[in-house]
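Two complexes follow with subunit A in common, the first pairing it with subunit B and the second with subunit C.
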Partner chain A sequence: MINIFNYIDRPSPIHRLTGATKLICVLLWSFAAMLTYDTRFLAVMPVLSVLLFGVSKIKLKDVSFMLGFTAAFMVLNNVMVFVFSPQHGMDIYGTQHILFGSGRYALTSEQLFYHLNLLLKYLSMIPIVLLFICTTNPSEFAASLNRIGVKYSIAYSVALALRYIPDIQREYHDISQAQQARGIEMSKKESLSKRLKSASAILIPLILSSMDRIETISNAMELRGFGKNKKRTWYMGRRFSRADILCMVFCALLLGISLLLNYLNGSRFFNPFI
Partner chain B sequence: MSDPILCFKNFGFQYNAQSSPTLYDINLTIHKGEKVLITGPSGCGKSTLAHCINGLVPFSYKGKMEGSLTLGGKETKDLSIFDISHRVGTVLQDSDGQFIGLTVAEDIAFSLENDCVSGPELYERVNAAAGKVGISEELMRHAPGELSGGQKQRVSLAGVMVDDVDIFLFDEPLANLDPATGKQAIELIDEIQRQTGAAVVIIEHRVEDVLHRHVDRVVLMQQGRIVSDSTPDELLSGPLLSECGVREPLYITALKYAGVQITPAMHPAHIDTLSLSQADKEKVRSWFHSTPAAAAKPQRPVLLQAENVSFSYANGHHALKDITASVLKGELIAIVGTNGAGKSTFSKVVCGFETHQSGSIRFAGEDLAQYSIKEHADRIGYVMQNPNQMISKVLIFDEVALGLRTRGVPEEKITETVNNTLKICGLWPFRKWPVSALSYGQKKRVTIASILALEPEMIILDEPTAGQDYRHYSEIMEFLLDLNRRGITIVMITHDMHLMLEYAERAVVFSGGRVIADAPCADILTNAEIVSRASLKETSLYTLALLSGLESGREFVQRFIDYEREVYNR
Partner chain C sequence: MKKFSVKTIVAIGIGAALFFVLGRFVAIPSPVPNTNISIQYGLLAFMTVLFGPIAGMLIGFIGHALIDFSFGWGVWWSWVITSGVFGILFGIATKKLRLADGSFGKKDILTFIIAGVICHVICWGAVAPVLDIVIYAEPIEKLFAQGLVSAIANSVTTAIVGTLLCVAYAAAKPKAGSLKEEE
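Moving on, here comes the complex of A and B:
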């Protein structure tokens, strides 16, 4: 079975950072990467994130499924951009250097350069988000959401949802086996409409049994005082250490550089064509 | 007895969604340090009574209350569910479902977190509670789901012990435990009560298992009323338990068969405290000698033959190691063993859900490996434990017809087959009903019917009676027995000892991915080594036989089983 949201417990400096630090850093980092198209900056970010991956001791095979999934999405995104606006690069950079072809779909250096920037953006963000998911314990994640101001009841339900994903996957698997035995066909041999219809034979029992589960857990939580006070403490919550502060300062700097570059370039784009 | 903690006076309760009250005229007082068992058949109101004690009624489940219910002298309706949770610690039935924290430590800390306890005090109190129930430092970082059944019980207990509660409330603590773990759980509850001096209320219908340790009082409920509130010795001396549809301890039933008059003076609450006069022992012995042994079953052909089957999951877990076992045509057998012993994996391999890596499985002489899951299902039906995991249609008829429709059977033929199946299963009067209007036991029947409609020769049922009280349990099992008489071979996966003892002709015992025994149930339950490896419990019948001076405990157990079947068949 594939684990999508999987906390991987390994001793590393990244694991030792508090969940709140990692959440704040991921947000700062993502904003820094999103706000600029400065290629020089975007070229450095993937290198940094690969280095961080090394530090975290998370291996490529741990995240291969999510990597593959996002890579496919990235390719799709690039293809779509080219299909729908093949001249977007020229609009941005104001020049036109045709490499080959002609007409609307002529391949230009500007368009290629724009796609390179898109690619770099993906490479700047995906590894860091995956890193966050793999190194942050869901309950620490809840604690950190609460710390940055999200209501604890919401923070806790997010953590619970993350925690139940493996259970629900397992249950889905069991139900689908039993239903297949009754002749519900889910394999690729069947037409899409038939498969969608079959899916309901699995989803309805799954939803019903999840409802039972929700009733049990909410009773259990209430019986142990959840929701009693405006605030609560977190067993997994920790104080910021020096490393935490340093990391947040570093990521804030990255965001600062990204904004500064936008200001210096006069736009979000770095233009090598003039 | 010291001061009362909990006091029901002329108490009644009616859920808003229901047309008649669930509880009537309850008068019950629980004192400090007392240990009380509340028992009764399903639907008698014992769970609602538990909800009243821990505050889920009226705070989560709304309804109309009458009379008075005080906790430490205060009316509970004037308190909040949070105030109540500081005084009443509840351990719920579903030991998996009630875990909230991601790790053991967090789960124990949960109620302290909600109380805003922080810093060193938080860690100290969590460690102290863990220490009291014997959870090691190392386990604290594990996910609760990774623990064994017994450890889970300890964790949920520690989670309510972090608060200094006055009452521990256990809602069916034995429901999901194998017999050996259940025994340990009862011992643990006893130990904790001694340590803390709190009152303990246990809601459970498995009376014999709870009475493994001393209980001060047993409250018996039926149809929303308390029908008896007495010591276990008094209760077991009378006929009330079985009249209310609660199973008596087996040794009590055996003594009654033998014509022994049971009195409180004999201390019948526990087999080890039971004292029998010479005359009583003689009665047991003469009953044994006068009961004829059941006739041997005629030889039957082999239906399913597994030979040297091995299976590993993709993650490398070697779940089945060289399994050789067979099922004869028309048999009703049990597969038993602890969680993770391989019994569920074995049934999945037999049903074709998983494919074994080596060995062979033959069904009626054909190798099953050539068939798809669907084709397996035409021969071997599989019924999951929880009916909610199988039901996907609104109407009963459609649910039972589902498998036939996906197989493209003509509609007239479907109507005929489904109607027949519904009649066999006693669901005919409900055929036009929505499934949601049925009780749990009836839903179970619907799932069995939906498998039977495919006309398999053999069905495998995963824990067919889990969570059922004696009456529903008997209903389901009588139904299965009836199917069995119609020629359907039945395999039950279970850790319910009563089930194997009373209904199965034979048991195959799994342990650590291997078959460690394959013998008549009486042989297995009287074999100390197998009993301990399979996490079973020696039956009290065996002890009774020895107590009565009979030499062969095993034969006594067998005779009891044969006699019970005779009684049912009459």
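Moving on, here comes the complex of A and C:
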């Protein structure tokens, strides 16, 4: 299977946790980071995730490709925020300390502080998701969805999607090559509308054959009595160990702290300007 | 909730896989971040018409979540949820279409395109920015600029790619009642 989700199999304490634990932890962690803009809290989270990366034995070069994407994305997002609302920080913190410049695009310390918060927020969420992707076996992922209460029919849809992505990718590639052999131009040499048209020449056979595939798979599943019982077991499902429970408690605490800080600050923002 | 048929479950899985492959490998980036000219919404619209709003919601949600995970950011839940919302809305708006029986005439094309535009404008112009404000407290102006660009891009791709797919599917499918008993 082509490794699109970048799962890296290495013996480490994080790999040994069950998929369900890691999923719950990532969700709790992201909620904790999402809900608050408290700078002190957001500054601790990236440090914690770097520590976790150390424990998981995932190296920087393993994720450098994905990090590149995300870094570019973070920079663009920050630039966009500044271009569209250079005074957002002032609206949030209520004061204005101009560093230099004047008018709408004057650089204020409030705006800079807001950007710092935004950056910290990305940094507290993105590494942990990367860690989750690198340490969770995709097959176990579907089983863990069912474990946290998602209906097994839906968990099975996710499992099917993960199973058939490589197949469909290969089929897309095959059809694309066949159509190119028949003279379809897909490269940058063609105009955009021409390329869209050629894309549909690939898309239509792909979709129609996928419809047949749906028919075949659902017949096979029906023959085996899928969906007859209320529950099912999973080949990749595992029981929780003590480490699993500890991790979940820890992440629940993080969420608790985040909520508590919001309550203590009286809003989602920590304001050093008053 | 109504129990899914096995076929719907499989359609959700394969639909999400298709959504993923199209979104991940056939994307043309636009100048605004988090915003691709994405032909997968044409596919989503087509699958929604065939399999109904709930299937559409799950295909959008699962497919979009997988795309985000594979890029490694995996945190823009507001946009992932919006893809799901589009599935529901579009499914309800196009409930009357009978594509599964192989009928997709001029009037149906019109319904399909108009429903697509309306649903995309609601989703990316209102649902996604509002969720972004609630979750991330980002400035409104930027979010609406992003939303507007995606609404336009997605409406166009839905109208072109989605319609092409529906027409091709209807042509490949024998019409309901096309067989006649011989006298």
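Quick notes on this structure:
One rule holds in what follows: the second predicted complex is superposed on the first by the 262 of 274 C-alpha atoms of A that agree within 3 Å, B and C clash if a C-alpha of one lies under 4 Å from a C-alpha of the other, contacts with A are read in each partner's own complex, and residues count from 1 in each chain.
Going forward, a residue touches a chain if its C-beta (ideal position, glycine included) is under 8 Å from a C-beta of that chain, and two chains touch if they have at least 3 such contacts.
Fair warning: this is a prediction, and the values are worked out from it, not measured in the lab.
Residue contacts after overlaying the shared chain place A:N271 against neither subunit B nor subunit C. In the superposed model, A:H88 makes contact with subunit C only, not with subunit B.
Touch criterion not met for A:S109: it reaches neither subunit B nor subunit C.
When the shared chain is aligned, subunit B comes close enough to touch A:S209, but subunit C does not. When subunit A is checked against subunit B and against subunit C, the one touching more of its residues turns out to be C.
Contact with subunit C, but none with subunit B, is seen for A:I126 once the two complexes are overlaid on the shared chain. By the touch criterion defined above, A:M66 lies against subunit C but remains apart from subunit B after alignment on the C-alpha atoms of chain A. By the touch criterion defined above, A:A159 reaches both subunit B and subunit C.
In the superposed pair of complexes, A:A199 makes contact with subunit C only, with no contact to subunit B. When the two complexes are overlaid on their common chain A, residue A:T39 makes contact with neither subunit B nor subunit C. Counting contacts by the rule stated earlier, residues 159-160, 163, 167, 200, 204, 208, 213, 217, 221-222, 226-227 of subunit A appear in both its interface with subunit B and its interface with subunit C.
Partner subunit C is touched in their complex by these residues of subunit A: 4-6, 30, 34, 37, 63, 66-67, 69-70, 73, 76-77, 80-81, 83-85, 88, 92, 118, 121-122, 125-126, 129-130, 132-133, 153-154, 156-165, 167-169, 172, 192, 196, 199-200, 203-204, 206-208, 210-211, 213-215, 217-218, 221-222, 226-227, 268-269.
Interface of subunit C with subunit A (complex): residues 3-7, 9-14, 16-18, 20-22, 24-26, 28, 32-34, 39, 43, 46, 58, 62-63, 66, 69-75, 77, 135-142, 145-146, 160-161, 164-165, 168-169, 172. Across the interface of their complex, subunit B is touched by residues 137-139, 159-160, 163, 167, 171, 174-175, 177-185, 200-202, 204-205, 208-209, 212-213, 216-217, 219-229, 231-236 of subunit A. The touching residues of subunit B, when paired with subunit A in their complex, are 54-56, 59-60, 80-82, 85-86, 90, 92, 94, 97-103, 105-106, 109-118, 122-123, 126, 145, 159-160, 348, 351-353, 373-374, 376-377, 381-382, 384, 386, 388-392, 402-403, 406-407, 450-451, 454.
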